[in-house]
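Take a look at these structures.
Paired with chain B in one complex and with chain C in the other, chain A is shared by the two complexes that follow.
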Partner chain A sequence: MEERNKLEAAAGKLRFERRRERQKALLLGIISIFIFLTVWQMLCTLHIVGENVLVSPIKVIQAIWIKAGDTRPDGNTLLQNILSSFRLVLIGFGLALVIGLPLGLLMGWYRPLDKFIRPIFEIIRPLPPIAWIPIVIVILGIGTAAKSFIIFFTTFVPIVINSYTGIRETNQVYINFAKTCGYSNWRIFRTVGIPSAMPLAFAGMVIALGNGWGTLVAAEMLASNSGLGYMIFMGRSYGRIDIIIAGMLVIGLIGLALTAALELIEGYVLKWRIKEK
Partner chain B sequence: MKKMKKVLAMAMALSLGITAGCGGGKDVPTEQTEETTAKEKITVSVHPSGHGLPAYVAEQNGYYEEEGLEVETLVYIGAPPQMEAYEAGAWDIGTTGFGGIVLGVAKSSLKIIGVTIDDGTVMGLWARPDSDIVNAGYQEETGCYGTAENWKDLEILYTQGTITDIMLTATLECLGLAADDVVRTNMDSSPAFTAFQAGSGDLVQANSSFYFNAEDAGWVPVTTGVSQEIYMPSVIVASDKMIEEDPETVEKWVRAYMKGVQWIKDYPEEAAELFVEFCEENGVATDEANALKFVDAQIIKIPSPKEQTGYFKKAEEGERTVLQEALMKCMETYVSMGNYTQEDADALMLDENYDGSFMEGLNP
Partner chain C sequence: MERRVKVKVEKLCKSFGDLKVIEDCSFQIYDGEFVCVVGPTGCGKTTFLNMLSSLLKPTKGAVLIDGEEAGPKKHNLSFIFQEPSAFPWLTVEENMAYGLRAKHKDKAYIKEQTEHMMELMGLGKYRRSYPKELSTSTEQKIVIGRAFAMNPDLLLMDEPYGQMDIKTRFYLEDEVIRIWKECQKTVVFITHNIEEAVYLAERVLILTNKPAKVKEEIIIPLPHPRNVEDPEFVRIRNYITDQIRWW
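Entry: the complex of A and B
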């Protein structure tokens, strides 16, 4: 009983220390953002940087607030632009997930498939998304399909690579044990290979999602009449630095929120891994 | 190893000797160095379009050297990157269109010191010959093909924030429609052209040299700058700092540019050849036949210095000049569309933003 109390006290202390660490990290994060915003504001208030180059964070927040209900100068409210971009990213990312994840896993597990697909993948992999634009216009036009393809391409590559690497790193001991139990190769793939690939696959998804939002501006450069990338372009055309930075900030915040959401899903799906830790 | 070093040292000495020998045979390099240091250096900015051609001609025909200038030319595909570069101090003098005028003059420190091409003369929205809008025929009273019904919900591929906005708005007004009645898709000229060829969109913008490519493709201009009576001059601009600190250099460059204009007027066919060269160097596709049409239709109409002087003069105190009036007409459209504010328009109208003295100085 005494032993158990001691253990519980030690565990409590550990939990307390971990909580303190998290709070410390949060505090440091808040301080760094505060310093960043203060320096930015000072640069603008003291006219060290001209308004034609950079507007203050207060003006950017004002622009976001105004854009919530105002369609000027690009013809859409902020929410309309967010939804339009969200749709593109989700279609591109969703497709990349549906195609890339199984492809990476299967390539990593089945060597003949790997040998068959890898050369093509290696040729396509280094191509920058913008290089696809001329071909995409001719083949897919200028609508959602074309823009989603550009996002699909940029998200597809890290998903395939990470799921491939993840499954290739499956512990041979687990595979041998499953074999000893008489499992078929397919069953070992499903029950041992896929779960062990998941941590890296999730890391790939986080990278992919970031890439997707990062490529949004390029995708909407192709042709658009709404979206956050379009809003940035219009801000550039009409010399509205506040709109440009507001668009960038919103893209950053949405990217951050989606990454956090994905990490939450990862934590839920990979509970076993966290316990194992 | 030692042998190898010797061989290398001998080879280097030999090559240095040859280089020195070549240079030493003539006195030209020394003269050139002196000449170069005597020249005034400036950085110029243009677009690969009609208003950039006189600057290219000046460079190719040696007018800059005649004026004692050493010019570095930066070519930008549109006004936003051109004006961002200006903010970064990349250039001091150049030519630009309406977007650049607002960004550089109303919102920054550039001054308008001259007028170049009229963008309204070679611009249009084009449709496929078998489209409903073309089949509906040309309507004299609206200056465009089709009726309001034909135009409603059409997808138009064009670069927003450019003079095409003005032409489209004027056309829609004539038809009793608003900007929201059509689908306006923002695209650069070149990809818009490709996309339209591939079947996307209902109408496409084809201005400047693209105008004649669209004609070649068999498309029909359903509304044009001419039919909508759009007058939109591109302009020569210079930084207020340069005008104040070094007006002589500004004057020299303007003189070289206007010499280029005169040469284009005198030799349109040769100018067309140079235009093709200029476009190809900057990634814009055109051919000699279309370039000649473009030169004839737009570039040779650049007003002379004498004509330009009138653009900067007010008939009466308190009134606007011809140039201010033309710019304000376009600006009012943008303000009504919500793209620019009334403050931007007021800033553009400030008299201090216009300086006609350089053109006046070129008058005999």
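Entry: the complex of A and C
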């Protein structure tokens, strides 16, 4: 019993130390951002760079504030732009997930399917998503479908590759055990293959979502009338540096939030993954 | 008392290409018996076990369980591997039930059997834990419990304690004997550790070097738990060691 108490005390101490580590990391992060913003602000207030090249962070925040209710210069409020971009990414990423995840898993598990699909996939894989734009315009026009398709392609490839690799790396011992129990191949796929592929599959989704959100601006180059990418382009046309930087900042922040949300889901779904014994 | 034959191995042969791993191997295992298989390293012990569990098909000959060709869909076979094999994504409780779910639909039966095994293994307090949160010996206990919970016709253990430290091994050896006595299952236990074999088995099968066949079988009449310092124990252990050394 005493030994148990000692163990618990040690575990408590370890937890406390970990929390201290995290707090330290957070503090360092805040300091770094603060220094970055200060330098940026100084560059502007001391007129080291001209206002036509860079505007100060305070001006950017003002621009975001004003843009929340103002439709100038691109015709939408900030929220409308965010929602419009969000919709594109969700459609593209959602489709990639619904098609790519099962495809990668099945390809990784069933060899004939792998051999059948792989040649096509290998040709498509190295194509940069931007290279799809001209053909997509010809086939799908310039509507939501076309733009979502570009996002779809950026997100599809990492999702397929990661779920494929994940399931291929399933420990043979787990498969053998399930076999000796008398499970069918399909049930082993479901009960052993899929869960063991999930850590890598999730890593793929995080990469995919980052890529997808990053390709947004390019996708919205395809003639839009709303969206964060569109807002940035309008900012450029009207020489509004503050709008451009505000757009970039919002894209960055939302990208960060999306990744964090996905990692939160990952932490819940993969709660069995404890890093240390 | 005449014991019923549970497993009958008839003229079993296995070759991979030109390499003969097992040649003309015949023997019987009785119902409820604890048999250890020992042999020189690399003599095909694992291949042998993989055929008993029909992970591999024999080249010639047959493995019969209760007079029928062995198959995981028909028989309750349970395998304990050398490597840790508890599913990390399932809790202790779910791991215990996994093998049972292959053939049973009755939830109440699965629940009852799982509970019984968890109690027997002393794992009840970890039921909601994941294997990675537990120690290696506890993880191996999950694997043993999971195998016994399936109520196997035949339980195959492939050097299950090969990678454990001595203390853990001694502890788990006693555990497996205790549960075997409780559940009355037929166990085939492969090991290259002769002392382990003599400590556990009712009967030891000694295999020859490749291509493997049964060189000799030795009945160990000592009662469990056994004393490793008992002169009879030492005599049998030395005898088996000589048999392997002078094959």
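The definition used in the following text is that the second predicted complex is superposed on the first by the 273 of 277 C-alpha atoms of A that agree within 3 Å, B and C clash if a C-alpha of one lies under 4 Å from a C-alpha of the other, contacts with A are read in each partner's own complex, and residues count from 1 in each chain.
In this section, contacts are C-beta pairs under 8 Å (C-beta built on N, C-alpha and C of every residue); 3 or more make two chains touch, one makes a residue touch a chain.
Only a predicted model underlies this, so the values are computations on that prediction, with no experimental measurement involved.
Enquirer: In the superposed arrangement, which partner chain does A:Pro134 touch: chain B (first), chain C (second), both, or neither?
Expert: first
Enquirer: Quick one: is A:Pro73 in contact with chain B, with chain C, with both, or with neither? Answer first, second, both or neither.
Expert: first
Enquirer: One more residue to check, A:Asn176. First (chain B), second (chain C), both or neither?
Expert: In the superposition, A:Asn176 contacts chain C only.
Enquirer: Under the stated touch criterion, which partner chain does A:Gly50 make contact with: chain B (first), chain C (second), both, or neither?
Expert: The answer is first: A:Gly50 touches chain B but not chain C.
Enquirer: Have a look at where A:Gly12 lands relative to chain B and chain C in the superposition and call it first, second, both or neither.
Expert: A:Gly12 sits against neither chain B nor chain C.
Enquirer: Does the superposition put A:Thr191 against chain B (first), chain C (second), both, or neither?
Expert: Only chain C is touched by A:Thr191; chain B is not.
Enquirer: Does chain B (first) or chain C (second) touch A:Gly239, or do both, or does neither?
Expert: first
Enquirer: Please indicate which partner A:Gly267 is in contact with in the superposed arrangement: first for chain B, second for chain C, both, or neither.
Expert: Neither: A:Gly267 stays clear of chain B and chain C.
Enquirer: Across the two complexes, what residues of chain A are contacted by chain B and by chain C?
Expert: Chain A residues touching both partners: none found.
Enquirer: Residues of chain B touching chain A in their complex?
Expert: 79-80, 83, 87, 99, 102-103, 107-108, 157, 160-161, 179-180, 183-187, 191-192, 194-195, 198-201, 338-340
Enquirer: Note which residues of chain A are touching chain B in the complex, please.
Expert: Touch residues, chain A against chain B: 50, 52-53, 71-73, 75, 133-134, 137-138, 141-143, 222-225, 230, 233-234, 236-239.
Enquirer: Considering only the defined contacts, which chain A positions touch chain C in the complex?
Expert: Residues 171, 173-174, 176-183, 187, 191-192, 195-196, 198, 270-274, 277.
Enquirer: Please name which positions on chain C make contact with chain A in the complex.
Expert: 53-55, 71-74, 76-79, 81, 83, 85, 87-91, 98-99, 102-103, 130, 132-133, 135, 150, 156
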